[in-house]
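Take a look at these structures.
After this come two complexes, each holding subunit A, first together with subunit B and then together with subunit C.
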Partner chain A sequence: MLWQIALYILLVVILFAAGFRLLRKHEKKNRQLQISKKLEPYLFIMPAFLLLLLAFGYPLVNSVLMSFQNYKLIEPGKVYFNNFANFKNLFSDRDIGLIMRNSFVYVIASVGMQFLLGLILSLALKKKFRGRGVYQAIVFLPWAFSAFVIGLMFRWSFNGEYGVVNDLLIKLGLITEKIAWLGTPGLSLLVVILAMIWMGVPFFAIMYLAALQSIPEDVYEAADIDGCGAVRRFFAITFPYIKPTVIMTLLLRTIWVFNSFDLIVVITGGGPANHSQTLPSYMYTRAFSGYDFGLASALGVVLMVILAVYAVIFLQVTKYNKAGDF
Partner chain B sequence: MKKKLVALMLCVMMFIPLLPAGASGVQLRFIDVSPSPARQEYYEKTFAKFREETGISVAYESVPWDDAANKLTILGTSNQLPDVITTWAGWLGQFTAAGWVIPLADYIAGTEDQYTDTVTKLVWKGEKELYGNVYTVPDGMMVKGVFVRKDWAEEEGMDLDPKKGWTYSEYFDAVRKFTNPEKNRYGTSFRGARGAFDPLFVYLQTLTGGRAYADDGSALFNTPEAVAAYETWNGLYLDGNAPKDAINWGFIEMVDNFTGGLTGTLINDSEVAATCITSMKDEQWMVMPMPESDVDGKIYNTVNSPYAYSISASSKNPDAAWQLIEYLTRPDNNIEYCKLTGLIPIKKDVGDDPLYGPDGYYATFMQQLNDPRLVVPCAFGPFSYTDMHQGMMHEEIQKYLLGQQDAKTSLGLVAGELEKRMKQYLADNPGSAVEQPKSLSEE
Partner chain C sequence: MSSKMKRNLSTLGRVLLLAAYLLAVILPIYWMVATSLKPHTEIIDAQNLTYIPQNPTTENYEQLFSMYNYGSMVKNSVIISGSTAIVITLLSILSGYAFARYSFKGKGTILLFFLITQMIPGILVIIPLYLIFANAGLINTRFSLFIYYLVVNLPFCAITMRSFFERIPYTLEEAAYVDGCTKWQGLFKIILPIMFPGIVAVFVFAFIGSWNELIAGTIFISTSDMWTVPVGLKSLIGKYDVKWGVLMAGGVLALLPTAIMFAVMQRFVVEGLTSGAVKG
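And then the complex of A and B:
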């Protein structure tokens, strides 16, 4: 433990030393004054930077270190480096393929639908109509609920025997036999995806509504004079204007959804037989049922790499830097 | 003046937490791992009485059962466990290995005869065998039974007599008879999620005389006969005698669906009786003993305490902590607690309460505890298996139920992992031996 802290402090010192060296390199004349001026912004951000280092930096470095260690909470005296053993165990897990696939299906389906429905909702709410405020408050409500409450709501609604969903489907004549939503592979993940969509649509709608309201009306008026149709208006004016918001919300929401596991734990517990398990929920299970923090950290590192690669590719592909330029 | 008064009051309030908690100056921390409003009320009331009598104050803490193992592990690792902790037998291997709880044999010495045989001959004997000392005092005793829909049995013309008992074959027949999806009735509250392997493990041990491992640590519950028994047990689900959702059922769903009228039988502990008493009519339910083995006619049944009191190694006042445990298990307090939680008292001089008599709700459980054919089969082992219990044990069953692997593979994977850990334990602990089944007739 002590050497980990020492290593961490050394890392921080190296970072600062590099910063100062960079500063010194560029300063020759009026050295004293110049250095003070150059240092000024760094001194201002120093408290926040130190807090960030403490709150995020240390756990991050520590979790990367732990991913290369035999670190079981129930064996506190047996912590040692085991090279890539945790990663080897992780990728030799019989269910890791299924869990990876679940993770991607879960993220793509839920973020995709949240985006689509959120966009439609925001376009619908852009126009003023009677009772818009009340309607807006109702549709934005799911965002205010805790994931635990939403999880319980969906768990009971989709209960195979007593759930309201089966009851409605039978009454509507759409099914003749009860469906075991939570006990059937595929369907259990679908229920979690539906819950996530229901919870996340308001976020997209709120963000897009704000972006839509910032588009100048005269641009639309000019388009109307030019005889522009609704579809053309959307793709030529509306979408380019809200593109930076779209990119940012998609990026953030994908990362949030990918990292979330609360709904899964509450609704299905990852079951049956890991068919609704995703990487973060699996990480949670391994960390807090097996107390194997080494393996859980290895999973965390894999998650981090996937998300970092995704963020870089996404920002490149969507040309975020140029978004919003007209 | 007003300002000075307010300042003075604030100063006094700041210093209040620093004052000694009781006249004796000792303040204990107690953690409950299965909290409910009723339990909390009981404990807080009892702690208030304890403080009046001894001057020792006790702070009540709790953690929901689902998070309890995590929280206690984290507290144990950081040396911050409360003085008295409610533990579960399944954690004891981990807790004793990590040195988080202290031995209690010296405290108990001379008072053993106050406790029932189930405590001394089963629980404490088992702990001595596995961990070399006594580490817990049970909060109450629990034995399993088969909760049955009495009204359904009468409708089907079945003659179920708890005194006569039944075999596993008769039990399986009853489950099949109760199943009638058109009436929205299923034969059994099948457990497919966490804990699914527990009752199945006991059933498999009816084939092995209650043993789990050979002397060298090899698993005995992985034979072709055991695989066939595994198929029979899980066949109850596969043949439609339980709702399809049951693949994801844990304790709560099993009990809810029995008391709610969806299932006809439920294998569970005596604690469920408290729920049945409050949510079902007397003519709707009854308790049958656990079925007899089809092989040797013995009743293999787990007898344990749901939770037990232990003193943490980080306690600065272990003597005061023991005083608290003694107080909690004093006959009058223990029987009040047992009635609240559906347990059987641990002290001999409360055994004549009508609730536990031949006409009481707990009659079948008491009858099993006095049955000379009762054998307590072996547990999974003295090693830590929490990760398996919360993962592969039920996941492998689920994979079999979903048709993703055959019974031999499914059982073989769990048996193989348990065998590996048992052998490792024997290798790491020279002189240790595998657990043997126990009965009350043994000395």
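And then the complex of A and C:
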């Protein structure tokens, strides 16, 4: 297998080099030659394209195949097609409804709050003030932070016994008993969502700030002269201007948040009893603690179907934007 | 209410809002740093939680290196993230240039393909890759993570690089060609120097993306001498006993390089982020 990969890399390099040699020759012979001009961009893109095609294409096909197989890593000799057994197992799993619901709550709540807070933050940052650069450098930092370390921070802060959150709430008189945040159904997912929001607000703020700064100032001046109020100004000018960015970021972010589960792995491990498990994190758990790759792949196929439906909607909406309906 | 008062009020509201958000960002970070500086006995004294370390100590940081071999984790992470970022930057320059400067058959489809790879959940790719790597004897090697980080970070970087290219007026190159430059000379002598900040931004994207990743690391790497920083730190979370002081110290050190990179390159990173993701 190693030699196959090495061979592949070698092949790409050789093809690439040969292509350029050919081009060079042609160029010398006839600078205007159409073929060389036409081939150039493909040569530039080929290394990246082939690499991605192989690295995403093969695993995806393989996933689909495995989802119809009895494929358990602990029983290496017993790989065979079992039709829809994996899917049957999956849908008769008594936790699957809970996990679906968790995924839904997790995505909607964290994307929704990230969006709202990011929008508010960008509006507050729009006007120049002294120290804005430094302020941005600090509050945008979580974007560059590792989800793993953010997970650690939240797991430690919400620790039932030594956690600072319980201590603060008790000192403020809001609670009398320490809360086992990570051990209580519902609350454990809440902590994950809070961490996700903390991590994701900078992305929205960065995107919207850039969009806001591209709105021409004179539109606002005209509105001021006409005596336009702040609320009206937002809905009549600001929002329509940034709407394409809003749609794009919401759609993209939804997918990223849905797919990412490192926070769950670090903060709760899906617990207690799958109450903070989402579809991708459950797939991870099934694949690498039970080593049932067949079932995990079936879950993967379900994931793909959900994402494909979503992507179709996504592309429809973005095309709508590119058509310049705006 | 006079308009002046109204304006003052809205300024006040804005200041309060910004202050509250700053606090929300800083407090968790502060708590991590504070914990990392406390001795173990102070950390587990649940009755008297101290908000400022009473006996600041560097023992957690020392333990991290002496007992848990943090140096080796950092070395692995730097090697993997650095090599991934270099290769991604080179490939992104090539494909970004083609996307920006040529119109060719299938360009839209290829761009769409790049975009779609960004929507595929990583875990879906990781499982089959795990089998391939296991067959090839690549489990527990840095090469396995290099390959995975390369393919998951490449599409976004290539698309971002494209928009950096698009910002440079084509007339610059044209002038160079008229003066007798070849394509390669034009690219290396004229465009790349102007684009240097953009190139560094793409490098930073790729580096941060690889440096921060946990899941593939836990799957492809199980021997401790190959652990990257997140994988190694995760192993410190035991079932019953968690060394929070050491863990927080490790977290602080893990955040430092990406935080510094981001702070230094912020303007360009932000530019890349806004143009790359929206244009798609």
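Points worth noting:
We adopt the following convention: the second predicted complex is superposed on the first by the 263 of 326 C-alpha atoms of A that agree within 3 Å, B and C clash if a C-alpha of one lies under 4 Å from a C-alpha of the other, contacts with A are read in each partner's own complex, and residues count from 1 in each chain.
Here is the rule we use: a contact is a pair of C-beta atoms (placed from the backbone, for glycine too) under 8 Å apart; a residue touches a chain by one contact, two chains touch by 3 or more.
All values derive from a computational prediction rather than experimental measurement.
With subunit A as the common reference for superposition, the partners subunit B and subunit C occupy clashing space.
Contacts of A:272 after superposition on the shared chain: subunit B is touched, whereas subunit C is not.
Judged by the touch definition given at the top, the superposed model places A:161 against both subunit B and subunit C.
Of the two partner chains placed by superposition, only subunit C is touched by A:146; subunit B is not. After overlaying the two complexes on the shared chain, residue contacts for A:288 are found with subunit B and with subunit C alike. Look at A:89: by the touch rule set out above, it reaches neither subunit B nor subunit C. Set against each other, subunit B and subunit C differ in how many residues of subunit A they touch, and the higher count belongs to C. When both complexes are overlaid on chain A, the residue A:70 reaches neither subunit B nor subunit C. Using the contact criterion defined above for the overlaid structures, shared-chain residue A:183 touches subunit B, although it does not reach subunit C. Stretch 219-227 is the one among 3-11, 147-155, 183-191 or 219-227 where subunit C clashes with subunit B after the superposition on chain A.
With the contact threshold set out at the top, residues 159, 161-162, 288 of subunit A are in contact with subunit B in one structure and with subunit C in the other. Across the complex, subunit C is touched by residues 1-2, 4-5, 38, 40-42, 44-45, 47-49, 51-53, 55-56, 58-60, 62-63, 66, 117, 120-121, 124-125, 127, 135-150, 152-154, 156-157, 159, 161-162, 164, 167, 198, 203, 206-207, 210-211, 230, 244-245, 248-249, 252, 255, 258-259, 261-262, 265-266, 280, 283-284, 287-288, 293, 296-297, 300, 303-304, 307, 311, 315, 318 of subunit A. On the side of subunit B, the complex with subunit A involves touching residues 69-70, 73-74, 77, 94, 97-98, 184, 192-194, 243-248, 257, 260, 262, 384, 386-387, 390-391, 395, 398-399, 401-402, 404. Residue ranges of subunit C in contact with subunit A, taken from their complex: 10, 14, 17-18, 21-22, 24-26, 28-29, 31-32, 35, 43-44, 46, 49, 51, 91-92, 94-95, 97-99, 101-102, 104, 107, 110, 112-114, 116-125, 127-129, 131-133, 135-138, 147, 150-151, 154-155, 158, 183, 208, 211-215, 218-219, 230, 233-234, 237, 244, 247-248, 251, 254-255, 258-259, 261-263, 266, 269-270, 273-274, 277-278, 280.
Note for the complex: subunit A touches subunit B at residues 73-76, 95, 159-162, 178, 180-185, 188, 268-269, 271-275, 285-286, 288-292.
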